[in-house]
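Okay, got some structures for you below.
Shared chain: subunit A. Partners: subunit B in the first complex, subunit C in the second.
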Partner chain A sequence: MALSLFNILIFPGFLFLGVYSLAFEYIDRIIYARMQNRQGPPWFQPLADFLKLVGKETIIPEDADKNIFKALPIFAMAAVTAAFLYVPITGVNSLFPFEGDLIVVLYLLTIPTLTFFLAGWMSSSLYSTIGAVRAMTQLFSYEVPLFMALLAPAILAGTWSLSGIAAYYHANPLWILVNIPAFLVAIVAIQGKLERLPFDMPEAETELCAGTFTEYSGRLLAIFRMAIDAELVVVAAIVAAVFFPIFVANAWLGFLIFVIKTLVVAFILAIFRSVMARIRIEQMVIFCWKYLTPVALLQIVINIVIKGVL
Partner chain B sequence: MSKKVIVPIGPQHPALKEPACFSLTLEGEKVLSAVVGVGYNHRGLEKSCESRSYIQSLYIIERVCGICSHSHSTCFLQCAEELAGVEITRRAAYIRVLMGELERLHSHLLWLGVAAHLIGFDTLFCYAWRDRELVLDLLADLGGNRVNYGINTPGGVRRDVTPEQIQDILSTMDILDKQLAYYVELALGDTVLAARLANVGKLSKEECIHFGAVGPTARAAEVNYDIRKVGPTAAYAEIPFNVITDTHADVFGRTVVRVLEMVESVKMVRYAVANMPDGDILVKFPRKVPAGEVVSRYEAPRGEDVHYVKANGSEHPERVRVRAPSEANWHGMAHMIEGDYLADAPLIIAAIDPCYSCTDRAFVLNNNNTGEQQVFDWKQLRQYSIDFYKKEHGFDASKIKIAEKKHF
Partner chain C sequence: MARSFVQKAIDWARRKSPWIVHFNAGACNGCDIEVVDALTPRFDVERFGMILRGTPRHADVLVVTGAVTLQTKDRLIRIYEQMPEPKFVLAVGTCACTGGVFSDCYCVTGGTDTVIPVSAYVPGCAACPEAILDGVVKLLTALEAAQKAQ
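Here is the complex of A and B:
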């Protein structure tokens, strides 16, 4: 009981996720800055930003439903934190693995996007509403390829559990090479999920001010931003667990490997972000359904065939 | 979202660096109609020139635009020198061209950065502005300031160019050559960039002529019109260069034109420093300018800049009129935005490289039948605002005491 509570609240649960996501934001920002020939922020900048936002006044629009408006950031944060508990960190096994946790994690990760939509819609501001609609349109385009890209390795592994997938590919590392198309699809779709360039239309600053978050301020915005940072960590951890099957028995060493793997994912995501321009929402829908989804489908077919031959 | 909504872009908006208001009527993400609202930045510069001497007016005219300050001051001086019957030396003309082309480089690099930022390509934004710093350093070295160089003076230029400065210019141009080659490759070849820029903000050749578009906006639609070629002033007639035109007639074309123009500008800067004649840089300019009126044109980075000066024989100009290039480009703006996506609206607005405060003018409407002037004085304006708030917001502002304006 005490150990579970420690796991949930401190490591690898809430507190660790918070600290690690701030560190991740720093890594992301410094790589982005370096790619742009800029100095970049000091290491404590994400924390300073967070604390500053927490200290600011929170303004709630008159037309918004106050309770829902306040609850949405907490929902987003809670969903992300819950998802993190099912991702393998120190070893092959996550904290509470069960058959089907991959699906649960993917659905938990959809909740933040839904809260972004609701947040924009509830704000009753023009920019937020357009941002909300864009967030929803975007969800429909990247969600399917992302799910398929993560389910394809699961089909080959014959399990719906993240820990099971990790264990399978740890035992048969060469099979991971089959999943390279799925990995590429996942990396692209993740940019959509995290609303980063080139898919950051919901909060396209130069068009919609802050998009869905235009009316958010103070503590509520801080929690939202934290949830977005945490989502980045969780998604990177999932990609690391599914596509980089390197695990060791030693917990400390395992944790170190986890850090390295997630940093590699963060590096890829940051590079991706810095070499791209924002595309239009309808271009994204076309791109996702025309190119990403067929590739992901092909991967599933390949994996089913291989599974049948085996 | 099938309902029609009106989205205001501005007066305060992250995409706009100066206040202006564009009301876009949207259906979904498509813009059905657009209303361009400028007029938030009127500064009364033309009027204030009338009570100042020519040399004082020059420094006001230089501040018409923060980016193309040299273009405006050169254009104004061309009028003044024509009126006074003063011809500047060839060396001064070459220095003016040198500054003008460096200014074009810095202005186009600035635009490239802004456009990249508007489509979320912050890496290109940082690169372009980093290279712009090199040009700004040169300008600061040559003129003394980064943006309002103040090198022009009636009758020539204030500062000469030294051999060391020429060395600096040449070495900077070498760096810029490399960078520009990269931008050319990027502008012509990058798929994501092309996907965002192509077929956006179309303005065909006929429409350009109809709306009176100038500069890169018009040249992107095959309008082969460059004041440096059709009516060369200063030393432009002696310096070889190509007028860049493009067939795309959209934001992509405008990008290509600007990037290739920078390559031409680098060549012109090289030619200007290599062939700079010796001699004086300044001739005497009379205090009093004989009566007359002159219109002068100059190719600013944003397009054709037109100045009109009327002299009455005194120390002060009687009337100064500045037709900034942005003013000519505004007319086609609503047409360009309509039918495109909301996501492209800031980009289309930025694609003419607008300068809001250069553009804003005050107009007095004269009613020909009654002879009435439709212009508010201070009291009427206050009364209007009180009535407006009472009607629109149910808020009575008449009790609020404000300080009496003494100057009006």
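Here is the complex of A and C:
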């Protein structure tokens, strides 16, 4: 009981995930700034933003449903934190591994996108409604390639469990080279999942104010921002577990390797973000269905063939 | 009365993270270009934690350019009232400060302070980006002094 509470609240739950996601936001922003040849924000900037938003007035629109409006950011944060409990951190095994936790984690990570949609819809503002519809359209485009890209390695490993996949590729590290197309597809689809450039149409600030979050302010916005940062951490941790099979038995050393692996993923995502410009929503749908999905499908075929030959 | 630790932390955060929203109340577009210039990577406002937000709901500082015309007066008040507390207004350019060359025009109410309370003024026609950044930093310094005095 005490250990479960510790896991939920401190490590790897809310406290650790919160601190780690603030650090990740800083790294993301500083790489973005350095790529634009400028100095970038000071190290405490994400913390200052969070505290400032917590200390600000929270405005709820008159037309919005007050309870749902207040509950949505908490749902987003809770879903992301729950997903983090099933991701391997200190070694091959996650805290509560079971057969099929990869599917559970992927579906838990869909909940934040659904809350973004509902948040935009409930705000009853024109900008946020358009942002919400775009968030939903985007979900239908990136989700299929992302799921297929993360499930293709699972086919080769013969298990639906994140820990099982990690253990399989740790034992047979050369097979990870087969999954390079899936890795590239996953990196592109993750940009859509996290609503970052070039797929940030749901919160395109030049056309839609702030998209789905137009009416959010104060501490509700602070929780939403924290949930998005935490989603970045969880997604980076999943990619690190599936595609970077480097694990050690020692827990402390394993944690260090986890930090390095997730930093590498965050670095790739930040570089990707800073060299891209925003595309239109229908271009995104066409790109995802025409190019990303066939590549992910090809990866699944390759993995099934290899599995059959083995 | 000594401020509590939480209040101190929030005051500190407020000084370090001023998010701005830009409103053109009838400027000739000169000051707007200078404001946009100040937001380019060359001047790197993110050093001070500043980000341009698209919506007044997220913003702390309302940057107003231009003399307030009768057309934009109601909209300016509405945008100001949509911002959550605590909020600050920065008047950029001579027209936003006093009305400038448009001050006696039939369709102009005058400077920004004739409509909403203004926290800091940045004069200049057009105000150069360095002056705008200096104005924001001075606003934050004055805010720190006010917080300390409480």
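Before moving on, here are some points about what is shown:
Convention: the second predicted complex is superposed on the first by the 310 of 310 C-alpha atoms of A that agree within 3 Å, B and C clash if a C-alpha of one lies under 4 Å from a C-alpha of the other, contacts with A are read in each partner's own complex, and residues count from 1 in each chain.
One rule holds for everything that comes next: contacts are C-beta pairs under 8 Å (C-beta built on N, C-alpha and C of every residue); 3 or more make two chains touch, one makes a residue touch a chain.
As the structure is a prediction and not an experimental result, all values here were calculated from the model.
Judged by the touch definition given at the top, the superposed model places A:Glu205 against both subunit B and subunit C.
Once the two complexes are laid over each other on the shared chain, residue contacts for A:Ile302 go to neither subunit B nor subunit C. Judged by the touch definition given at the top, the superposed model places A:Val144 against neither subunit B nor subunit C.
In the superposed model, A:Val104 lies in contact with neither subunit B nor subunit C.
Looking at the shared chain after the overlay, A:Arg38 reaches both subunit B and subunit C. Contact with subunit B, but none with subunit C, is seen for A:Met276 once the two complexes are overlaid on the shared chain. Residue contacts after overlaying the shared chain place A:Glu215 against subunit C, while subunit B stays out of touching range.
In the superposition on chain A, subunit A positions 36-38, 127, 205-206, 209 are in contact with subunit B in one complex as well as with subunit C in the other.
Across the complex, subunit C meets subunit A through its residues 9-10, 12-14, 16-17, 41-42, 44, 46-47, 49, 52-55, 57-58, 60, 82, 84-86. Interface residues of subunit A facing subunit C in the complex, by the touch rule stated above, are 29, 33, 36-42, 44-45, 47-52, 54-59, 127, 205-206, 208-210, 213-218, 221.
The touching residues of subunit B, when paired with subunit A in their complex, are 1, 5, 7-8, 13-15, 26, 29, 116-127, 130, 190, 192-193, 195-196, 341-346.
Subunit A makes touch with subunit B in their complex at residues 32, 35-38, 126-127, 129-130, 133, 197-198, 200-201, 204-207, 209, 274-283.
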